[in-house]
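Below is one structure; the comments refer to it alone.
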Amino acid sequence: MFERIGIFGKYNGIACWDTIDRLLQHLLNQQKTVLLDAASCADFPHQRYGVAIVERQELVTQIEIAIVVGGDGTFLDVARSVVDYGVPILGINLGRLGFLTDISPRNMTDILDEVMLGHCKFEERNLIRVKISKDEQLEFDQLALNDVVIHKTDSPRMIEFETEVDGRFLNTQRSDGMIISTPTGSTAYALSAGGPILDPRLDVLSLVSINPHTMSTRPYVIPGTSVVRIYPHKNCNGMAHIICDGQLTHHIRLGHVTTITRHKNLIKMIHPNEHDHFKLLRAKLRWGDKL
Amino acid sequence: MFERIGIFGKYNGIACWDTIDRLLQHLLNQQKTVLLDAASCADFPHQRYGVAIVERQELVTQIEIAIVVGGDGTFLDVARSVVDYGVPILGINLGRLGFLTDISPRNMTDILDEVMLGHCKFEERNLIRVKISKDEQLEFDQLALNDVVIHKTDSPRMIEFETEVDGRFLNTQRSDGMIISTPTGSTAYALSAGGPILDPRLDVLSLVSINPHTMSTRPYVIPGTSVVRIYPHKNCNGMAHIICDGQLTHHIRLGHVTTITRHKNLIKMIHPNEHDHFKLLRAKLRWGDKL
Amino acid sequence: MFERIGIFGKYNGIACWDTIDRLLQHLLNQQKTVLLDAASCADFPHQRYGVAIVERQELVTQIEIAIVVGGDGTFLDVARSVVDYGVPILGINLGRLGFLTDISPRNMTDILDEVMLGHCKFEERNLIRVKISKDEQLEFDQLALNDVVIHKTDSPRMIEFETEVDGRFLNTQRSDGMIISTPTGSTAYALSAGGPILDPRLDVLSLVSINPHTMSTRPYVIPGTSVVRIYPHKNCNGMAHIICDGQLTHHIRLGHVTTITRHKNLIKMIHPNEHDHFKLLRAKLRWGDKL
Amino acid sequence: MFERIGIFGKYNGIACWDTIDRLLQHLLNQQKTVLLDAASCADFPHQRYGVAIVERQELVTQIEIAIVVGGDGTFLDVARSVVDYGVPILGINLGRLGFLTDISPRNMTDILDEVMLGHCKFEERNLIRVKISKDEQLEFDQLALNDVVIHKTDSPRMIEFETEVDGRFLNTQRSDGMIISTPTGSTAYALSAGGPILDPRLDVLSLVSINPHTMSTRPYVIPGTSVVRIYPHKNCNGMAHIICDGQLTHHIRLGHVTTITRHKNLIKMIHPNEHDHFKLLRAKLRWGDKL
């Protein structure tokens, strides 16, 4: 089903060389074309296998499937890169089950064989698009699969900002910040901050305030089609920053407008046929199993 | 726009006679046909106005609009009664702003005049249908606009039960109970139990556990189209009960199956044109206003 | 160090016969005098060992140490029985580590040998005394090692009550109830309800409201010497009950006064020398260990 | 009772000139000696009254009482300055009730008259002492009346650190940080982060993690006599900082040891005779009053 395969590792991730090594052997034995991501696998001894190392922006145009070897952080990074090229993505964890990298290195070859036969599940997930502008000038335009966060920076004090949903004023808050989370991100940082878990089938976003000064400020779930705008308030001490997926940041202050919408394309995640999101939740969150 | 009007009061609610009195005078002056709900207004001195008192099941078939005078509890009761007859509903509070009874007695006549001209907003909200059966026998079949709750009864101990969503096992929990809430109910009991606020435009349900023994059991938001089933576990001490809108209850124990689905009909709520759900949230939850 | 030993099992606990069996053999081999608690071990085949079964109120006057075989619930029950007789207590769990029954059956004989030589830690913990009266008549007078809870009973509605601390009005709340917890109970029900963990060295109580209607109602920690009084409010729907350690209950309604004070005697808990409360917390709550 | 009075304002606080003006007239009329704090009142037109402006470190040695005009932030700053000189302190708010500045400008002169006659309450509160060292070199040595916070700085990622209490390992956590709060600080930042309210009579500290990755990491209350040590972990991304009372900061990284103990001196707060801490809590937190 997939002939041209891109492999992405953890940045500076010697820990994943071994897994990539096994992956390569298995795929090359099946006569697949395999390309390695330059951003993460530049130091991998690829000559041994005669496979090419390709720059990320070029790579994503040449592959039919992306295999990520690493943790959820690596997966987020690659997902944002491939989403606009319709490349489906699959995640192999490095020994510790992730919400996104849900395939164990132990049985990855069996699962890959099934995937190559099309015996797998495709699941589509929303991404967020974040634009930051000042004086009508666009300064930042990025995607997020998990969440976008407004957070105080170095200051010891809370920040103040105003939130608008679909053009209507929602509230002004004093807090350490706020998380706007997709269903995918609802089991990540938003969960630590007290947000609800959102079923991945939902087209919604949650707004989760971080240590809000007003105790009645509570997580709020809105339609995925909403347009959220955030305006730092003039009382806002110093600066805040906007963070996409815990990886991309931009400093903002009074005058910056941050606009959050659903991205026009969905990311296609590949799961083994026996994948069950509830089972993953039970395993990761140590919920009760059947008695 | 509306000629045949039903008025519903608070049960045993002498406190609302005065407001009903003013309502009646205003509507009768406009040549409207007004009928009073027998269940709540039996003791109201209706002869003075020459209006009829009609039994609820009869009343709902004869009116074009339901006006509720009372609190949110009264509104819930009436909404469940009228939803299957397509009658829109409007709520006048008794001096204290409610999430459902959002019209103040002070300006109710002005707002009613606008409503009668069709100058108002119609909003549709989901209800939940709850069926309880044992040994394939249906024992209980009711609606809920806010929430359905499984809760321990008299026992000092936690209960144990299993939850299934769309035929798939979600988890087994030990807790005081669980709330299955609509967006409408998300600002009621579910909020006290730590649940998120759900935008009323959403077709979702939240599952909010009450004092769960496992700390990683967190509110979970699922599609409104989901079928939720709850099975008391055999370790479950004594009995639990199922409660709809805090008003209708049924005892369950091992062997009972409680099935929760979205009701096929939506309730039509009437709001003044200037109604703004965010403003209501800010007022009720004392959120920050614009600085 | 201890010659006269009382053994207490889990009520109706055939599951603990085996552990009691091993205990008895070990202790009798050391020429100890062992007595069995009638309330929990009546069905144990004691004739085989020639040990006596003694009624609880008699037993507690004749022993120098109480050994509990069961779970934390069993321990709570026995602790309330022995506290006024100065008998130290030690808990052996049935295969699952408890906060109170922190000795595993696997190494219990080694630990007991150490304890008999006085190689162990003694720790003193507070109990709560709960008195309920109406019209100056005392109706209930019991102890609690974990917590005393006021909770709604069968009613689907919240209860309302007033809390007074040291003769001063604290607040009126509408909620499902409130937990008054000792440090010992702070890792039990109070934790599920959002209360803080209290170090066992502290002489304090926490007041933890259960699903309070007002979101700013938060856990409150007061001196252990405080006198707490609870008055059901006249708006209180139906009845509430008072529950000690999840085991002893009493129904209350308007007119009942519940008075909570620290009990005059402390319970002496015995731990192995290597006992470390922080380690217990890390194990039970799955906190992070040293990296 | 007090003859030599120091007045402290809000930094750059023209908003408090008017209140200080009224204060001065009132106190000078009573032949009191009044000195103004140079750090906060340098720009106040003091010549008009013939009162001296004195540097803070000098001022605190010359006064018998400190009057703070401002918000709780101003009070914290002054309290740390005067605590080692045994000077009692009293706070006048600028129109909005504070937990520390609990006297309204409206009736401040009446209350001051009472205080001067000794008709008032003295309350003693703990402060925290924070020392930060690296390679046995002391880098930072400050006090905090509310709280000391370890928090991530500019990084988008969580930090990791180890906590030790009284020389024993408590846990390793991944989080945005942790608050160590006095009873005084328990209604400030610690409350936003989910911590309990601690009665001001208690000699305890609470450890409140900020958005911990592990959901079972919960607020922990320890004796006030405890020694808490925090060690950044080597996985700790970039740097963290330590913040006293939201005002004094110091950057730390791997190798820094932060030691938190109770300060040897207590701060003496002055309250009007009718002061009631529960009433203050009810007012600030909008708890239920008597029905």
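Per-chain numbering from 1; labels A, B, C and D assigned in written order.
Heads up, the rule we're going with is that a residue touches a chain if its C-beta (ideal position, glycine included) is under 8 Å from a C-beta of that chain, and two chains touch if they have at least 3 such contacts.
Since the structure is predicted, the reported quantities are computational estimates derived from the model, not experimental observations.
Touching chain B and chain C at once are the following chains: A, D. A comparison of the A-C and A-D interfaces places the larger number of contacting C-beta pairs at A-D. When you average the Cα atoms of each chain and compare centres, the chain farthest from chain B turns out to be D. By residue number, the contact pairs of A-B overlap by more than half with those of exactly one pair in B-C, C-D or B-D, and this pair is C-D.
Centroid to centroid, with C-alpha atoms defining each point, chain A and chain C lie 46 Å apart. Centre-to-centre separation of chain C and chain D, using mean CA positions: 38 Å. Our note on geometry: chain A versus chain D, Cα centroid distance of 40 Å, whole angstroms. Touching of two or more other chains is recorded for residues 191, 194, 215-216, 218, 285-286 of chain B. The part of chain A that touches chain B in the complex is made up of residues 160, 162, 165, 168-174, 191, 194-199, 201-202, 204, 206, 214, 216-223, 233, 235, 276, 278, 281-282, 285-291.
Contacts from chain D toward chain A in the complex involve residues 149, 151, 153-154, 156-157, 175-176, 189, 191-194, 210-213, 215, 241, 243, 246-247, 249, 285.
Contact residues on chain C toward chain A in their complex (touch as defined above): 215-216, 218, 286.
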